[in-house]
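Two complexes, one shared chain (subunit A), two partners (subunit B, subunit C).
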Partner chain A sequence: MSAVKPAPRAVTPSRRRAARAAGRTGQYLALAAYLIFLGFPLLWLVSVSFKSPQELGSIDPTWLPRHPSLDNYRKAFDTQPLLRAALNSLLVAGCASVIAVAIAVPAAYVMVRYRTRVSQAGTVWILISQMFPFVLIVIPLFLVLKNLHLINSLTGLIVVYVVWNLPFSLWMLQGYVKAVPRSLEEAAAVDGAGRLRVLTGVVLPLLTPGLVATLMFSFVTAWNEFFFALVLLKTPEKQTMSVILTHFTGAEGAVDLGPLAAAAVCATLPTLLFFALLQRRLVGGMLAGAVKG
Partner chain B sequence: MRAGFPRGPRRALALAAALLCLGPLAGCGSGSDDGVVHLDYLSLAWQQESVEANKALVEEWNETHPDVQVRYVQGSWDDVHDQLLTSFMGGEAPDIIHDDASDLTDFANGGYLADLTGYLPGGLRSDIPQESWDTTTYDGGIYGVPFLVEPRVLIANTRLLQESGVRIPTTEHPWTWEEFEEVSRTLTRDTDGDGERDTYGVAWSMKEPVTQSVNLSLSTGGRLFYREGDEDVIRYGAADASVAELINRQVNVDHTAPDSSLGMSGSDTLPGFFAGRYALLPLNFSYRQQVQQQAPDGFEWSVLPMPTGGGEYGLAQGVAPQTLSVAEDSDHKQAAVDFIAFLTRADHVVDLARGDWMLPTSTTALADPALNTGEYGWRTGVEIAAQLRPSPVLGVRGYPEWKDKVATPAFQEYYAGEFGVDELRDRLAGDGNRILDRYQR
Partner chain C sequence: MSLTAPRAEEAPGSRGVPPPRTTRQRKRALGLDQGAWFLLLPALIPILVLSVGPLLYGMSLAFTDSQAGRTSPTEFVGLANLSDLRLDSLFWESFRIGLVWAFFVTALQFLLSMGLALLLNQNLRFRWLARTLAIIPWAMPEVVVGVMWRLVYHQDAGILNKTLTQLHLIDHHVDWLTDLSLALPAVIVVGVWAGMPQTTVVLLAGLQNVPHELREAAQIDGAGVWRRFATVTWPALRPVVMAITALNFIWNFNSFGLVYVLTQGGPGGKTRLPSLFAYEEAFKYGQFGYAAAMGLVMVAVVAVLLALFLRRTLREDAQ
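Let's turn to the complex of A and B:
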């Protein structure tokens, strides 16, 4: 006796539309939850920065400050040279990221387009260099910079950040260079363009999204870096934002939470702005890097 | 046709060039060829009043000593060890260094700190008790001036204490540890009758359990670290373990202390304290500043001495004072010590102590009326000061490694009820002595 299979129920267009709408709603809900998860620390930081010490000591914390006040910001700016520190960070991060990218572009191009033993060794070097912990190199680095009279100098810190950022910048840019079709370069060469002209006139414009992504990565890394800045800069006038933030903490976990939150908001804003300005190009860069030529 | 960069990269190059021009300018430092001695003072003051007091004193010094100019450099407690280690290795350490006595051992042994014995003025030597000098003395050399100290005290919710009818302890008649256990039981209450405790007698913040476990053991005649010949050894006998066992009992047997506070720092316990969930908080003396700042309007709190193990021990507890040291590499050691003597002058150190909400080690400063006030528990601290002892961990080589690798996890697990005191002893002394041996070979 053969089993009779039930006929599949026809899916009506209206049911399909409803399922699609439900799926879309679920997607948006998941996205909203993810955004809240990502944004929570920042939102909480902003909230704390406007709260009074009494409110911070409350056992029932609220999202919105009950009596919002700018006192924490006032205290943070009164006690620490935040503006000066922000300018120092801007200078150091700006210089370091631009220089690292300027060096990384031709280097990445050569490593991708000329597959020699040297370029392969370079790739291995990039990987190895990422394995060294800060503490292992900081004392030798300190001695080298001392001999070069670059201790307690923003120039010295820029040099360190360029070297520190260079391997990953190279790694990132190699992916973008690979995505540029070689045929475009060959076409330019056929039209009489030299190697430099090909690089600057053909490859670089196509690399713009990758440049922006790499620049942003280098900038944020240098902006947030703490340990090198701590040990290399001595005078208060030269200290960067990440170092100044630690001045709001005491021994054994004691912390001046309100002013610290206010200073941390100030330290976060430039990177947020930088990201907001460049994010469209960054997304474009990611897509460009993901597509094979 | 000239090969050129597209617009974007060309602009980026211009920006890089401009920033590079600014870089060296920003890196310029002031010269010191003017015959004036320039000293760097690394200060770890962090509370606003303390930073202001320090800066005001530096300014006053610079005005009155045109030939020795001091530059105020602010550091951070979190990273001072790494910062100093790198600076010492590179020969670029600040001349005058603010730190705490527990951090000096390795630096003094490494030869990075100057022996101040021949530089200190007699007045300063005699004004600070020998107990305090002992905290910075290694192998006969003095490697720092101990100038501020903070004992552990009990911060109490005054209303809950009064309502419970328990005896209020004083420095002359403190609670014994047994009495403290009983008081904690009395203060622990289920006010709404739902079977859940609404108020705990005490909240032990044990995020960093080692220092307080070791230092409070002095109140029962313990000390964990003993000197045998030329070597430090760890023993964990009944007297050493007495306070730790009491804490364990309160958390895991009596439930007069919540287990939720074991992972907290002192600051984390304050909201619960203000809300009446905890009646007593064992905290460092300087936490009074946060309590005063964060307490809701009308909230009454008081400062009580820690309990004692008995009359023979008094209010003894271990402390590691804050110190001022001079780098061995400094070319102007006498000038640096003169500045330290200026900072620690009785009237000046009172300002620093008040700024940090700590106690001065100077006996003259301790007698200052500004500190002998009932307000915010200052007087309780002053009365305890004479009974403070050097923390047993001071001068022990290998202590930081023992603390991080052995003692911190062992105490945390013990207080959480993971194992008993025998296992704790095996870990602290067994594993610990192997670490100390390595440093003492």
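Let's turn to the complex of A and C:
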């Protein structure tokens, strides 16, 4: 905006200041546009969740509810087994993230400390696994799980989520392991600690912040997941939050907007809470995996 | 200077397992001792059994007549699925839609995220608010994002029609998600909204790695905003941009949940992405083999596009 070409030397300070002020104004306008684009759907979702049925039926919607009420929330919990779905989601996401991180930590350690072909193959696999469409994975998984009688079972879903979360957990944890100074491990080894002792006594404590970040991230990923849950869970009492939400949108298009919005808000709250705690760590962790090497 | 790595190489000799040469060769090829394998296996086995295995199995299904709930054994049919697919105009239409969707979502995601990242890299007021808002879509389940935008796009109760009417941009209420020509653009906007956070965060982190001194030196030499961006910021940022764009394209091409919730592929298949098409084929009509063949074609095309993209990037880097 201010100066496209190299600024000539002769520009007076006052003109330069004016150009800079104009640039600032432009930047604030752009920022405002972004804030509106990113924020207005969120505001609308929350607003609809507090509106009464009469208000939702009116042809002239308003930004804020005229008579805010909790009726939609009550109705959402009455018509669909939301509480049950939340518990299912909590169980599946909790187990899957804990197991995934527990088996990813030693593997990430080996992949960082032994730069060998197995480790390289692991890294290549992490990248390749991003490329395949879900269909190609879900059909064989469906057939395998069916033979093991794990269709429509939360155990089956946990197993799928563990595998599905592993690549990213490995990726993030590798970054954190690289940050642990080797000299500490060497000192412990000189003092006679075995490899397992070094890992549990020296590396693990230093890894805790990264571990927590990875854990929360895989929890959020599993909580939000939709496709596998849709294919693998058949009965409402087994379904997770994501899948239950689609029941509010009937096939005939007769959608109960208020309760749907209320349920959507409920489904988002736990992950938002985690992300609020996680925000700073997450950015650092993703880059730690990507940049250092 | 480590204790662990050399030990891995010494192990074969000191243990003296006959015949020593072949063991050493094998050990060197893999480079891991027993302890390391012990640590690696808990992750390796699930990946092999439930990720690599099923994927190979899935790819092999593409060459069979596998169907859901069939009693007779599945038979190998060679390339029959693929040759059927070649004549399936519905699939190719869906494929075209998938490419249009992936291209536009990725391009807009990049442009908008780049702008936002540049703004967030400045010292502006309300930056914290924009940062927080930019992260939120990331934390939201895909399904919730879909539901939310359905409420925004709703013909009568939606806020979009109301706002546009107030601004006198439209004179009647548009039904965004069931209009044949508007549904795909409307869905693309949602895709951009949902995918912006990751891209912004990655680009912002990349921007913060651009050395400050260089930019200041360019400014002292009299380089303007655009010139500084083109000569200092962009070259440093390029690898990050290439990586995130390639990944975004793959993720977008394979995406499912968002569009499933928004339109279920309608109206008249105008937003039926290939993954939705394959899902219906597999779990609505039970044609596992045929659906797997579709998945195979999708991987092949993504792989070819990616190879072309990366080769060009590498060549430009070499010059």
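Methods note: the second predicted complex is superposed on the first by the 213 of 293 C-alpha atoms of A that agree within 3 Å, B and C clash if a C-alpha of one lies under 4 Å from a C-alpha of the other, contacts with A are read in each partner's own complex, and residues count from 1 in each chain.
As a convention for this text, a contact is a pair of C-beta atoms (placed from the backbone, for glycine too) under 8 Å apart; a residue touches a chain by one contact, two chains touch by 3 or more.
A quick note: this is a predicted structure, and the numbers were derived from the prediction, not measured.
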item: Which superposed partner A:L136 touches (first subunit B, second subunit C, both, neither); value: second
item: Contacts of A:F227 with subunit B and subunit C, given as first, second, both or neither; value: both
item: Partner chain in contact with A:V203 - subunit B first, subunit C second, else both or neither; value: neither
item: Which of subunit B and subunit C A:L56 touches, first, second, both or neither; value: both
item: Subunit B versus subunit C as contact partner of A:W125, first or second or both or neither; value: second
item: Partner chain(s) touched by A:V160 [first = subunit B, second = subunit C, both, neither]; value: second
item: Greater residue coverage of subunit A in the superposed arrangement, subunit B or subunit C; value: C
item: Contacts of A:A104 with subunit B and subunit C, given as first, second, both or neither; value: second
item: Touched partner set for A:T246, first subunit B, second subunit C, both or neither; value: both
item: First, second, both or neither for A:K238, with subunit B first and subunit C second; value: first
item: Subunit B and subunit C footprints on subunit A, overlapping residues; value: 56-60, 102, 135, 138-139, 143, 196, 227, 231, 243, 246, 248-249, 255, 257
item: Complex contact set, residues of subunit A against subunit C; value: 1-7, 9, 23, 27-28, 30-31, 34-35, 37-42, 44-45, 48, 56-61, 63, 102-104, 106-107, 109-111, 113-118, 122, 125, 129-141, 143-144, 159-160, 162-163, 166, 170, 182, 185-186, 189-190, 195-196, 199, 220, 223-224, 226-227, 231, 241-243, 245-246, 248-249, 255, 257, 260-261, 264, 267-268, 271-272, 274-275, 279, 282-283, 286-287, 290-291
item: In the complex, subunit C residues that touch subunit A; value: 1-5, 8, 29-32, 35-36, 39-40, 42-44, 46-47, 50-55, 57-59, 61, 66, 112, 115-116, 119, 122, 124-127, 129-130, 132-144, 147-152, 154, 156-159, 162, 193, 196, 201-202, 204-205, 209, 221-227, 243, 247, 250-251, 253-254, 256-257, 260-261, 274-275, 278-279, 282-283, 288, 291-292, 294-296, 298-299, 302-303, 306
item: Subunit A - residues contacting subunit B, complex; value: 53-54, 56-60, 75, 78-79, 88, 91, 94-95, 98-99, 101-102, 135, 138-139, 142-143, 146, 150-156, 158, 193-194, 196-197, 200-201, 204-205, 208, 211, 215, 227, 230-231, 234-236, 238, 243, 246-257
item: Touching residues on subunit B, where the partner in the complex is subunit A; value: 3-6, 8-9, 12-13, 15-16, 19-20, 22-24, 26-27, 29, 40, 44, 46-48, 51, 71-74, 76-79, 82-83, 85-87, 89-92, 94, 100, 207-208, 211, 265-267, 270-272, 274-275, 277, 284, 286-287, 290, 293-297
